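Please read the structure below before turning to the comments.
Read from first to last, the chains carry the letters A, B, C and D; within each, the first residue is number 1.
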Amino acid sequence: MSEHAHAHDHKGHGGHGDGGHGDHADHPSYFKTYITLLGLLAVSVAGPMFGHPWLTLITAFGIAVVKAYLVASRFMHLNIEKKIASYLLLAALALLLLFYAGVSPDVMKHRGNNWENMAAQDEVERAEAAASTAPAHHHE
Amino acid sequence: MGTLIERYLPAASTYATDIDGVIALVAIIVGFWGVLAEVVLFGLVIAFREKPGVKAQYITGEQKSEMKWIAYPHHLVLLCDVLVIVAAVRVWYNVKQDLPPADSTVRVIAQQWAWTFVDPGPDNKLDTPDDIAINDELHLEVNRTYHYKLESRDVLHSFSIPVFRLKQDAIPGRVITGWFEPTKTGTWDIQCTEMCGIGHGLMPARVVIESADGHAAWLASHRSAAVAAIAPGAAAGAK
Amino acid sequence: MRPIATTRSATGIPTGRLAVWWVIASEIVIFGGLLASYLMHRLGHPEFGGPEYAGATNTWIGAFNTFVLLTSSFAAVKAHEAAQAGDGPTAAKRLLYTAFGGLTFLCVKGYEWTHEISEGYVITKNAFWSFYYVAAGIHASHVVGGMIIMLILYGDVKKNKELQRVELIGNYWHFVDLIWIFLFPLLYIAK
Amino acid sequence: MATPIHEHHGEGDHGAHAHDDHHHDPGFVQKYLWSTDHKMIAMQYLFTGMFMAMIGGFMAYVFRVHLAFPGVHVPGFGQVNPAEYNSLVTNHGTIMIFWVAMPVLIAALGNFLIPLMIGCDDMVFPRLNRLSYQIFLLSAIVLIAGFFVEGGAFGGAWTSYPPLSAKAQYNMTPLGAPIWLVAVALEFIAFLLGGINFVTTAMNSRAPGMKMFDMPIVIWMIVIASILFMASVGPLFAGAIMLFFDQTVGTGFFDPNQGGDPILWQHLFWFFGHPEVYVVLLPALGVVAEVITVFSRKKLFGYRTVLFTSFATGLLSFFVWAHHQFIAGIDPRMANVFTVTTVLISVPIAEMMFVYIATLYGGSIRLTTPMLWALSFLIAFIVGGVTGIFLGASGADIYFHDTYFVLAHFHYTFVPIAILAVFCAVTYWYPKMFGRMMNETLGKIHFWGTFVPFNGIFIPLFMLGLGGQHRRIWSYENFPELARPEYYHLRQFASISLIIMLACQFIFIFNFFWSLKNGKVAGKNPWNANTLEWTTESPPPHGNWKELPTCYRGPYEYSVPGRESDFWPQDQKS
């Protein structure tokens, strides 16, 4: 936060090394990381061209996760940051999983135990019918 | 103790008494804990008022011997929770999840700010010309199992019949099915219990539970009722 | 001039960086809530892949913008490297490159959106486009915010002042980049 | 949300101002409105919160009188029509939670106590702190503005369920609804900034020697609450943006006719809305912990027990949100899951109650005004807690949902939280805030005049709830079951109790301002308490201490055997 913070960093709390300051000698090269990211981007763009839905899913989202990991660890320095920062971010992600698990039975599904989401079902049918003429439809 | 609610309202559906039962069970359990806690609290405050020359004791509450005063009630509470959960889920399953076969199915349509109740009519089938659709009055026959199909035309509403202990929100675009079986003849309130706009307090309806003959008479009086009032298409609610 | 409180670091993480981690954590749930909602609709509505929906988005533009943001992130991390070495002027220059990346991103978005709107794919077209514009719009507002901060920092950093802030804005920028890394497949590729 | 970082930047380049603050005598604006001093910002939050509480209280007065005496010309308001009634109940709820409980319990107490109790000179980001208050003030003004626009204030209940809240043709408040939403969103931003400040300060800036488990419970609670808030508000913030677009540009995120889903909002809302309950509860519990230990001269019965139970509560609070939606159209199978988690959360809360009660054992209890408030909090909150089980149990909730039983239940939790605990805190820290003691006699009169009528209000409402009276109803005349005279007697009893309770608040207001001048001088440590804030002058100077304290022990070392004084301040070596 401040020069003081740095001064403080240097004495005690082991804040220095873990603070992600100074010890970049052993840090993986930013440029290599950058090139890797571009490569991954190319793959994720190429993925759909094979027209195989599952392959698309993997190249799209699997690679997004890898890219995210690289940026977070190498660029945001989570690899040399105090562990608590990573736990913080992972906890936030875990919450989203919880949210998804709790909500999807009602919102993602269009029928369930004694209820039916007519509006959504009609919408799907209507759109599918409209699209069935066009080629680019149904992908997953 | 099952009369806790019946002191205010009769129980007029088959599962009303089950729901009263859960309420009674919870009342007994939490009543015990609540009273116990309050009594102990007051007792301690009275017993340990400041007295000249008497110093407070030094108790960390971290030794095993002290922890047990928290641990024992902790386990007891857990036990009570299990009881409550089992009772609650059993009733819930019976009321909301597991529908007994229906003798008739009525359609309940909520809108700002009125109810439309569609009775299947003599042929006992919905969406046929002899359906009887009327506003703000739900006519039922006693001791008959009904399914209801709940819909809304605009915003959220909630279909609540206190004497049945029944409540279910209506959601535009969705059809929600539930059931009830009236056990008492009479006329009671139907309330909208979900904020639905300015008229929320002004959309009362009544449930009229008649004997078999009474219901038949009512059906007869509604031969060729205004079917147009609720064309089958419109029944899909939101669309 | 600063409270002593600010200079303490009981966790071993300098106060400013710790705060940025908290900012990012709370941003994760904001974007996460939106994307989770989108994902539920996406999986519940197969038609979202169709021509009137994601099918009409331009993968190449999306890919190019991903490239732009990745590059600006690279510039940001190089700026941090320079700041580490105490070389303020270089760090400031690289901050400008980063901000320029943001500008490019926004221009491309502007072109893309005007094109799509002119084709009738407006925010009210259907649920997909609503999510498309809102998600990308919130993200773009973060890009703008980041650029403004970098331009403000530029002055100090050039004079070798407050160098640690280069890393703070950098971390935020990388996060904005991260969001786009997920928006790209969600909005463009999954057709 | 770039603002926080922007503010980090602000740290430096406005440094000159901070410098002035230290040395010259700042002008009125600089001192009271533009201050970055955490104590002054705490006061700003406190007074804004108290002002909003008056507005919220007035609303309660209006609709309670209207409900008890239908059609009556309410003194000071007039006839209440359905639209006005809806916006009154809506904004009463919104204000009391977002503009009273949150600012006072978290922002005011957090700002005032965190630096003083962990022994540092200010919040880590003073300007971020100032900004968060300014945004909060703006949000309050925006909310009030909603009452003066065409169509009137939003009346779709504080939960703001779409499609009602999303479409003007349904809610008939084309301007009121978006304004309400913007106000709430601004308030969220303010508390996100504040929360980041609180958490960072508590994590990084503790006094030398103060280990994590040496922090007073109230600080822990405020920090946990801030984290809960930051973690849960995100989805709703996104939801608010979506709803705003539904209202203004006509998107259909929550409109089934446009491929949206109203249930989604309910989930987004309650995913935040339930942790929010604990966001305000925990600081209140923290306040009570401080007060009962001081006035029973006892060590807390299991510091770690309290901490771990509050961690457990905080964690569990993320798993229970859908119990607000049992009958709202979610899949009935999910209700079973949420019943289990909901009923289980009673375990840590009950445990915490046991700890507080056990702390009284073997104490030397002094029934000062703050202690009375603390005890009344426990008394009332136990009732509020146990009645919650009825609602968490899905089977019983089928009947109770959206009845006055629910209303009475959460008022038996929120009144202890936002009224009893707040008065507890204000009467306890008043000497530290203003350097003088409040008048005990007036304080006790005010206490009884608040606590007794409070029960007088909500016990009848419990009974009405058992009788099936449902919420947000403008007039019961249309419902024969609810129009019974005996029900009106209960309503009138409740409403008259409310009027008495509100009237008694003037005693407090008088006491508050009278004591500023005429209270007897407090000195550093009038209550013989241990925590660090009592080791500096009252009120503390800018920078809080001439020399920042060092911490040597936990906060609750009262009546330690072998010491002649029955307290042992944290900063005393021996």
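What to note about this one:
What we mean here is this: contacts are C-beta pairs under 8 Å (C-beta built on N, C-alpha and C of every residue); 3 or more make two chains touch, one makes a residue touch a chain.
Only a predicted model underlies this, so the values are computations on that prediction, with no experimental measurement involved.
Ranked by separation of Cα centres from chain C, the top chain is B. Just count the C-beta contacts per chain pair and the biggest one is B-D.
Our note on geometry: chain B versus chain D, Cα centroid distance of 31 Å, whole angstroms. If each chain is reduced to the centroid of its CA atoms, chain A and chain C end up 13 Å from each other. Note: centroid distance chain C to chain D, computed from Cα atoms, is 34 Å.
For chain C, the set of residues touching two or more other chains reads 2, 4, 6, 8-11, 13, 15-16, 18-19, 22, 25-26, 28-29, 32-33, 36-37, 40-41, 45, 126, 162, 168.
Multi-chain contact residues of chain D, defined as those touching 2 or more other chains: 8, 11-12, 124, 231-232, 234-235, 256-257, 259, 261, 263-264, 271, 329, 332-333. Under the contact definition stated at the top, the residues of chain B that touch 2 or more other chains are 96-97, 172-174, 176, 238-239.
By the definition of touch given earlier, these chain pairs are in contact: A-B, A-C, A-D, B-D, C-D.
Interface of chain D with chain B (complex): residues 82-83, 85-86, 155-157, 159, 161-164, 170-172, 256-257, 261-263, 296-305, 327-329, 332-333, 335-336, 339-340, 343-344, 346-347, 350-351, 353-355, 357-367, 375, 378-379, 382-383, 386-387, 389-390, 393-396, 398-403, 463, 466-468, 470-475, 478-482, 558-561, 566. Considering their complex, residues 1-6, 8-11, 13, 15-16, 18-20, 22-23, 25-34, 36-37, 40-41, 45, 123-124, 126-127, 130-131, 134, 138, 142, 145-146, 148-149, 152-153, 156, 161-162, 165, 168-169, 172 of chain C touch chain D. Listing the residues of chain C that touch chain A in their complex gives 2, 4, 6-19, 21-22, 24-26, 28-29, 32-33, 36-37, 39-41, 43-47, 49-53, 55, 59-60, 63, 66-67, 70-71, 73-74, 76-78, 81, 84, 126, 162, 164, 167-168, 170-171, 174-175, 177-178, 181-182, 184-185, 189-191.
Interface of chain A with chain B (complex): residues 113-120, 122. Put simply, chain A touches chain C in their complex at residues 1-9, 13-15, 18-22, 24, 30-31, 34, 37-38, 41, 44-45, 47-48, 56-57, 59-61, 63-64, 67-68, 71-72, 74-77, 81-82, 84-85, 88-89, 91-93, 95-96, 99-100, 103-104, 107-110, 120, 123-124, 127-128, 130-131, 134, 136-140.
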